[in-house]
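In the two complexes that follow, chain A is the common piece, with chain B as its partner first and chain C second.
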Partner chain A sequence: MKNGGSGKWQAILLPLIVAAVLLLAWDAAVRVSKSDLFPRPVDVLKGIIELAQSGLLLKYISASLFRVSWGFGLAVLVGIPAGLALGWYPRAFQAFNPVIQVFRPISPIAWIPIAIVWFGVTDASPVFLIFLASVFPITVSAISAVQNMQPVYLRAAQNFGLSQSELFRLVIFRASLPQIITGIRIALGVAWLVVVAAEMIAVNSGLGYLIIDARNAGKRYDLVVAGMVMIGLIGLGLDLLVRQLENFDEVRWGYASKQ
Partner chain B sequence: MSLRKTVVIFALVWLAGISFLHSSLNLGLFDKKERGDRVAYKLGFLPVTCHLTCPVTHFINKNMTGEGMFEPLRFSSWPELKEAFLAGQTSATFILAPMAIALREQGVPLKIVYLGHRDGTAVVVHKDSGIFSMPDLRGKRIAVPNRYSNQRLLFFRALKQAGMTIKDITLLEMPPPDMPAALYAKAVDAICSGEPFMGQAELDGYGRVLWQTKDVWPNFISCVLAVHEKMITEHPDAVQELVNGIAKSGKWLDQNMDHRMEAAEFVSRNYYNQNSRLLRFVLSKPPDRVKYTKLLPLKPDFEEIEALGKESGILQGTAHFEDYVEDRFAEKAAALHAYAWEAPKEK
Partner chain C sequence: MSAISVRNLWMTFPAKKRGADPIYVLENVNAEIEKGEFVCIVGPSGCGKSTLLNVIGGFLTATSGQALVEGAPVKGPDPRRIFVFQENGVFPWLTVRENIGFGLRRQTNVERERIVAHYVEMVGLAGFETAYPRELSGGMRQRVEIARALAANPDIIYMDEPFGALDFITRLKMRADLVRIWSAEKKTILFVTHDIEEAVQMADRVFVMSRRPATVQEVVPIDLPRPRDLDSPDYLEKRDHIFRVMGMSLRVGETLAV
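Let's look at the complex of A and B:
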């Protein structure tokens, strides 16, 4: 930011103006088209308030966050070590990369039947689907982070005579961290994105379930859009949260400063 | 604090917190549970009137005995419902009759033990459309729930009666919950599925009933109650109890209009999560829109489904009535009377 004080205001004010314009355009579009199926923003707000008052909103948000947290958490635990190892050992990369590229483009929706057969109609199924969707972006970003690492770090490490495990912990992991964090941000977005698909399985809670359930419930498209709005807002919150990671010294060095 | 420490602490606190919230709010893990010594199993159903006896039986049992007999598991679409049954997650399920027969042909050890309902399907067109008879549907796009739905076979039969063939119309597969909106937007010319989705288009003022099933295929069946053979051999008593319960609640529903209105209220509120206006409408206008009695599986009915299924290319004709129906439970249940239960008056 060039001038701290007004810059801060701008960072809040500008997005709010864009949001207000979009809301007005949405409202006007519904009025002009005279659609009585598509809800107006005020209907959606009423829908959200109705959900909040009945306690369903908190229930559904915690259910979706639960599934995303576990699926995404497992993906981080598996994806980062796997990506670092594959990035470091060229033979392993040669062996596993085609398989990863085969699995990566398969939509979680295609996995639903398999998830039901393996995990039944419990929370494990959506967790599995979210894990699948988010593990690949993390792995791939970790692989390329290691592969693109500056050779000078390695040479320095060799001069200090680091052992293999020290090399991994102290050099490779730290050097890759900024790029891995970027992968994690993308993966968290994807994990949250697939929550609707993952909750198509017979779970009876969650924001994705809210959308599917509202379609079943007759003319409740206000609740459909309410679910979409909540997913969007929480996605924004999650992204802001992950971005906090970029403020740590261990990561910040990796980003070009615009100050 | 270092990055690692912050992330680890935050992740642990977050996971613990969200897991606690989810398990207390949604899973009821901390609720006190009463467990009887009965067989615990899940029964799959969709929020359609074809499966109405599932929630009704569960609700009446819970109110009479404090237990629900089975755990009703509500799905949102046919494929997931079918997959959960194939995977053994549900021991019993309400399912489309032709789909059950097709699964049997493919070697799935299931038996149809009872019917879900009779009638309960309508063909609805847009009120502004010029469609008033079957010939008017020539060249039009019609939505049906599934390739294996009896609604699709219904069209084969209706076309034949009108001297037309399948080439005269275009059938599209569409999940029933999306049908009213598709008709409203005129994305399709006619929609056909189980209730309450047809009633919804009518109730909201843009749909007009072209015909009800009773006009084209009297005593139409779309859904049946199927159970795994394993459950029949291992727990025949539980199957009998289930069929008895479904039979008794069907008779209870058809006993009088008060019962239907009570069911519309408690099912909408506790199982379907929708406005009861819709169920009240489809269960009463007209009263024979959907029926829950005479639900013994009969051979001629299924032979007709088999024949139409073969004609429409979804069945091979390798499974027959004796292979996929086990009617001894239904026969025993036939003599039973309706549940002697009245819903407690509100407040």
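Let's look at the complex of A and C:
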């Protein structure tokens, strides 16, 4: 960079300029096309304020976050131990890996009809779908973390006479944690994508439901886009949150150092 | 009774491809190492000296013959004998203090603190107790591993080219430190290296291995007082003798007689 001193300013200024240009272009496009369906940015902002004042926004956001917390939380609780075990015991890996590989490419969206049959139009349906979406990235990252663990850690552990449970807790889990966290980050991103899709079909609340409901009940496209904006912002917030996990001293060794 | 006895030890690895010959690594190795002795094993690269150490350490099983430690056949790794690895086995997710205390899980907190503090001091890492390995230099990380081995209070320490990845100056310093620590602790040390100077600077005796399939070609006693004078004729005599045993010339540019 030529003027390195202004690097910090540029990091804030450049994205702001791009965002401003996009907003202006959007606004201009709606005005030029004289669309009475498509909202201008200011309409969307008004829509968000309207939703916030009516209390719907908070209600729907918490509904969506509630489902993601459960589905994702269960996936973490199941995926990490399952992945560690499958990575460690070659027999178990041989037995289960083909099944995992068949289930993994099935989009969670494809499970919606089955989820409704099993769980009905209740919170359990999206929770199940989010669980399905996030359990595979977590499990697979844990499996590969164990399989690619540096053998020297294992030999050192054997040398110090660890019991099987100590070996898992003190070495295998700790050595796999950086890669597991990467899997968790991917999983949370997918979970947030899936909750919106699930809520459009399987339930009557949440940000996904807000979008489909705003369109069906009176073509309120300002609220449709308002819902989209909220989804984007919250998704970004969630990612920033999990990213903090990578800064813990216990796992920082596992990531290439950023100079 | 010897601390370590190796008797008629053979090691053959199966062929990598079908139809190829198996790999004969060790051929009838015999050795006796006394308690408290500092023994170095030298030999050409790839001769199987690390394999020998791994068999004695219990990480590999010999094809035939046996390794005995304190009279008992080696069945596997044992916390009474700690291995220091070439590739550094310090756990990157633990601090210096936690790494050094790793072998002390069964001790009380007070006792563990005391032992860790003692070895932190001994290997010169005071002030770095809460640092993580990634914040340390290669030499410091290797000191952490040595301290972790010592803290577990083993009878024997096996070292597999532990200074191989360090720069020349750091290596010299680490050798001096290791000899000083060994003098204070009186552990049996079995140290594998391809560096003849390293062996002569530190060891009571040097086992010179032949090329593969390797056997002990000669045992060279290094009866020089410590600290050793690296310019003394006696030191150079020992060093050059081992070079000759290994069939090497010290004159750069001359064709090797191997």
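Here is the rule we use: the second predicted complex is superposed on the first by the 241 of 259 C-alpha atoms of A that agree within 3 Å, B and C clash if a C-alpha of one lies under 4 Å from a C-alpha of the other, contacts with A are read in each partner's own complex, and residues count from 1 in each chain.
What we mean here is this: a contact is a pair of C-beta atoms (placed from the backbone, for glycine too) under 8 Å apart; a residue touches a chain by one contact, two chains touch by 3 or more.
Just so it is clear, the model here is predicted, and its values are computed rather than measured.
Asker: With everything superposed onto chain A, say whether chain B and chain C fit together or clash.
Answerer: fit
Asker: Could you say whether A:175 touches chain B, chain C, both of them, or neither, answering first, second, both or neither?
Answerer: In the superposed model, A:175 contacts chain C only, not chain B.
Asker: Using the superposition on chain A described above, determine whether A:159 touches chain B (first), chain C (second), both, or neither.
Answerer: It touches chain C, and chain B stays clear.
Asker: Identify which of chain B and chain C touches the larger number of residues of chain A.
Answerer: B
Asker: Quick one: classify A:213 as touching chain B (first), chain C (second), both or neither.
Answerer: first
Asker: Regarding the shared-chain residue A:250, is it in contact with chain B (first), chain C (second), both, or neither?
Answerer: Once the two structures are laid over each other on A, A:250 reaches both partners.
Asker: Answer with first, second, both or neither: which of chain B and chain C does A:121 touch in the superposed model?
Answerer: first
Asker: Check the residue A:69 against both partner chains and state whether it touches chain B (first), chain C (second), both, or neither.
Answerer: first
Asker: Taking the superposition on A as described, I'd like to know which of chain B and chain C A:112 touches: first, second, both or neither.
Answerer: Once the two structures are laid over each other on A, A:112 reaches chain B alone.
Asker: Between chain B and chain C, report the minimum C-alpha distance in the superposition, expressed in whole angstrom.
Answerer: In the combined three-chain model, chain B comes within 11 Å of chain C at the C-alpha level.
Asker: Which residues would you name on chain A as touching chain B in one complex and chain C in the other?
Answerer: 177, 249-251.
Asker: Touching residues of chain A toward chain B in the complex: what are they?
Answerer: 37, 58-59, 62-63, 65-66, 69-70, 73, 112-113, 116-117, 120-121, 123, 177, 200-202, 204-205, 212-213, 215-221, 245, 248-251
Asker: Please output the residues of chain A touching chain C within their complex, sorted ascending.
Answerer: Listed in rising order, the residues are 150, 152-153, 155-156, 158-161, 166, 171, 174-175, 177, 249-254, 257.
Asker: Could you list, by residue number, the parts of chain C that touch chain A in their complex?
Answerer: 57, 59, 76-79, 81-83, 85, 87-89, 91-95, 102-103, 105, 132-134, 152
Asker: Okay, in this complex, where on chain B does chain A touch?
Answerer: Touching chain A: residues 2-3, 6-7, 11, 14-15, 18-19, 21-22, 25-27, 42, 44, 47, 73-77, 79-81, 83-84, 86-87, 89-90, 177-178, 180-181, 184-185, 196, 200, 204, 272-275, 278 of chain B.
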